[in-house]
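One chain, subunit A, appears in both complexes that follow, with subunit B as partner in the first and subunit C in the second.
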Partner chain A sequence: MATLTCRQLSKTYPGGHRAVEALDLTLEAGELMVIVGPSGCGKSTLLRMVAGLEAISGGQLIIGETVANALEPAERGIAMVFQNYALYPHMSVFDNMAYALKLQRRPRAEIERRVHEAATLLGIDALLERRPRQLSGGQRQRVAMGRAIVREPTVFLFDEPLSNLDAALRVQMRLEIRRLQQRLGASMLYVTHDQVEAMTLADRLVVMRDGRIEQIGTPMALFEKPISCFVARFIGSPAMNLIPVKRARDGAHLCAGLQLSGDPGAATLGLRPEHLRLDPQGELAGTVEMIEPLGVDALVHCRLPEHHEPLTARLPVTALAASGIRQQGAIRLAVDGPLHLFDDQDRRLEHAARLTPLSSLFAV
Partner chain B sequence: MRYHRPHLDRLTHLLLLLGVIVFGLPLWLALTASTHSAGDLQSGIAPLWFGSEGLANYWQLLSQPIAGLGVSALRLLGNSLVMALGIAIGKIAISLLAAYAIVFFRFPCRTLCFWLIFITLMLPVEVRIVPTYGVVARFGLIDTYAGMILPLIASATATFLLRQSFMSLPQELFEAARLDGAGPLRFLKDFVLPLSKTNLAALFVIMFIYGWNQYLWPLLAANSPEHATAVISLKNLVQSTDTLPPWQLATAMAVMTVLPPVAVIIAMQRFFVRGLTDTEK
Partner chain C sequence: MTTFERHRFTPWLLLAPQLAIVAVFFFWPAAESLRQAFYVQDAFGLGERFVGLANFQRVMASAEYWQAMGVTALFSVLVAVGAMGLALLLAVLADRVMHGARLYRILLTWPYAIAPAVAGLLWMFMFDPVLGVLTHALAGFGIHWDAQLNPGQALLLVVIASIWQQMSYNFVFFLAGLQMIPASLLEAAAIDGASPFRRFVGITLPLLSPTAFFLLVMNSVYVLFETFATIDNTTLGGPGGATRTLVYKLYEDGFVARDLGSSSAQSVLLMVLVGALTFVQFRYLERRVQY
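On to the complex of A and B.
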């Protein structure tokens, strides 16, 4: 069952800038949908339109069963968690969470019960008398979520809620949001620019670009079959290597000193850094420019012949040490995974392809 | 900032002390003079220490009508209080709503409205006194509290200060409150007022003193002694044609006139000191 439906939703600013263009989207009940994209892609505008903080220029917004285009934010059955939490500084944690219910003129006993339930769920019941400024970042984040939970909304909206936290806390809160969502069976729309957050949280992932949806699907579907170079570059960390395919005079397709066989239409070849492996007989030969150790693995940036951008490979540190790979030294890599092919419009091509060394052609 | 230079510290303290003496001496002279009898002061030499007539002088002012005015000091101070409170509260109420509208609402000519309010800074009552008097007279408000207060309660300064203070409130606060179901008036009451408490306290002090110190306008608008203010009475007290002015009464009245603003500053000071130290909004 859909809890939120956008039909041809658009936003045009008075200056004529089109932030969101005819967007179709359906959020299923109990689903956590993450909207991800670079800054300025319209993801926050979309969220604010759903919240009612931004006027809708065209299309239809349906929340639950009702068309919500003209409803006041408080009447939409949504609750929002802001990037800077937007806690009420002059109110205690309890009052912060109870404020919406007080305005709804709920009975005192019900307000107390709902606030205490939410506080217990989030582990902040000991903090109810405190003021926001007496709380740490993670605690504030929890209060902001508690304020949303207390209202029992149809849809939760999150606007980059973790970007003000430090890295360790971000990982912890990410898990907590996920756990909470599954426990409440809540429908959530979550906006972020952090692709790791997006991958780990999402049931379905929406990649936006210039006010349009570029691709929508499960995180793994987007990782395995990115529909365009844009998605390929955006999903996955480190980003996918994209190598242009050149046409030789004899019609062969050349790519970084190699022959690409099997697909005539490809303009770009994509290789995930995780799908490269050290191999003395590997087809890719280059020089190591930089090694970034991450612990178990290291990111190795190599320079290939006839390709300007460095190629990144994620390789086990032990293997690197065993084969004596050093900076400025030579390296040979083999492809150990799917090749992603994109046409000259940067769209995905579904064809099998193979990379072979040029020299082996002469051998055949 | 603090430098580790003991000589500099001594010098600055010396300068501060000098400043205190320069500002404090006239007040001290007024205070001591108000405790002497009229005869003591006729010598023309200001006494530097208290006399014996203090209570009698103050009691005379508070209990008996002042010669030439016909009302007691109590009435004068009461009038001043009504006017100063009226002006301070009126100014804050009007500029609060104006600043709220300018900061939180999007309406056509918003900026124009702000600048129109702002340029009234160049039109204090002294500049527009003739037309203002005409308007107030036609409304039949001469010699009423309303006539003394109303022409002074529009304030560009207060609007500007509150606008700056409101603009420092994060926009998300407004949005979060809106999501929680707070309408514009409720947001004003539940958020803007409590969060600008310290600014309002500071404004109140400034505006109360401004109202209390008004001279020219109440001189014109309040003709009868029943509406005369304490500040105006000071001039009446030292104005006598045939005898020496009753300096002991004039200085006692001056001391009493100084006290209410001082009381307001002391009462409000802890609010705006907190406002300065409590940076989190």
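On to the complex of A and C.
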């Protein structure tokens, strides 16, 4: 069952800038959908349109059963967690969480019960008398979520809620949001620019670009079959290697006598850093430019002859040491995973591709 | 030892001119006025005699002093409330202005740049019983305006002139305060179901309260001291003492009537009054505006 539907939703600012263009989206009940994209792609505008903080220029927004285009923010059955938490600094944690219920003129006992329930759920019941400035970043984050939970909304909206936290806390809060969402069975729309956050949290992931949806699907589907170079570059860390393909009369080539079979229209070859391994007989030969150790693995940035773009491989540190790979030294890599092909419009080509050294063709 | 640590006397040397100015133009006259409050002088300043607290007793016993106190209280409340209320209203409106916001804000801050004496003259001319433009306009509505004879109208005139002057100052601070409030707070309140009015009362006003408190202190000081020029240029404290505030009476007694002892006693009392007022404001109000 859909809790939120966008039909051809558009936002055009006075002056003609189109932030969101004819966007179709359906959020299923109990689903956590993450909207991800670079800054300025329209993801926050979309969220603010759903919240009612930004007027809708075109299309239809349906929340639950009702068309919500012209409803006031408070009437939409949504709750929002802001990037800066937007806690009321002059109110205690209790009053922050109770504010919406007080405005609804709920009975005092009900307000107390609902606030205490939410506070217990989030482990902030000992902080109810404090003011926001007496709280740490993580606690403020929890209060902001508590304020949303208390309202029992149809849809939760998150606007980059973790970007003000330090790295360790971000990982912890990420897990907590996921746990909370599954416990409440809540429908959530979550905006972020952090692709790790997006991958780990999402039931479905929406990649946005220039006000349009580039691709929508499960995180793994996007990782395994990115529909364009844009998605390929955006999903996965470190990013996918995208190497331009040279076309000649006898087919597509990479550098130095590597022939690419698959699709004659291929313009770019995509290779995940995880899908490369050290191999003395490997088809890719290059020079090591830089090695970044990450602990177990290291990122090895190589340069292939005749190519400007560096090729990054994620390789085990032990294997590097065993093979004596050093900076500025030679390296040979074998492809150990799927190859992705993209046409000259950067769109995905569905063909099984293979790299073959030309020399081995001559040998046959 | 670093160069910075070796210069132990240089800071004092650099401070000396400023300290000299403060000493000559502030501490010396203040000490002199404190001393004179306990003496009576002859009108020509040739001789003086120690009288203890007699000056204070005389001042406190005079009906005129208490009338001036009443006028000051009424005047202060009217000007502080008027100047702050109007400034807040204008700041809230200016905060929403999108086009030409800078020009609008600059124009609203201009009155503060005008010297109180000039402002006083300006208002005096506009409301002059014979020549005033606004006097004629009011006559059109059947209102007989004569601030030189009608005590209520005289007070109203200096109140309006003072509000007009002080409003700009308050406006700048209120606008800055409003722009410090993150938009997301008001958005969160809108999602929580607060109407625009509830958002203003429940979120904006409490968050402006530190600004408002600061302005209350500044306005009190302004009303008690700096309105002197406005009054001196419009009503001269009249008619019948209707606009004679404490500071204006002090001036009259000291510099017109040459009763230096009484005038000094009044200035000491005024100083104590302002000190007490500021103390009360900080002691009781400031605690409530912190968050």
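In the analysis below, the second predicted complex is superposed on the first by the 355 of 364 C-alpha atoms of A that agree within 3 Å, B and C clash if a C-alpha of one lies under 4 Å from a C-alpha of the other, contacts with A are read in each partner's own complex, and residues count from 1 in each chain.
One rule holds for everything that comes next: contacts are C-beta pairs under 8 Å (C-beta built on N, C-alpha and C of every residue); 3 or more make two chains touch, one makes a residue touch a chain.
Just so it is clear, the structure is predicted and the values come from calculations on it, not from any experiment.
Applying the stated clash criterion after superposition on subunit A shows that subunit B and subunit C collide.
In the superposed pair of complexes, A:73 makes contact with subunit B and with subunit C alike. By the touch criterion defined above, A:104 reaches both subunit B and subunit C. In the overlay built on the shared chain, the residue A:222 is in contact with neither subunit B nor subunit C. In the overlay built on the shared chain, the residue A:84 is in contact with subunit B and with subunit C. Of the two partner chains placed by superposition, A:145 touches none, neither subunit B nor subunit C. The interface of subunit A with subunit B overlaps its interface with subunit C at residues 51-53, 72-74, 78-80, 82-84, 86, 88-90, 99-100, 103-104, 133, 147, 151.
On the subunit A side of its complex with subunit B, the touching residues are 51-53, 72-74, 78-80, 82-84, 86-90, 99-100, 103-104, 133, 147, 151. On subunit B, the positions that touch subunit A within their shared complex are 170, 172-173, 175-182, 186, 190-191, 194-195, 280-281. The residues of subunit A lying in touch with subunit C in their complex are 51-53, 72-74, 78-80, 82-84, 86, 88-90, 99-100, 103-104, 131, 133, 147, 151.
Across the interface of their complex, subunit A is touched by residues 182, 184-185, 187-194, 198, 202-203, 206-207, 209, 291 of subunit C.
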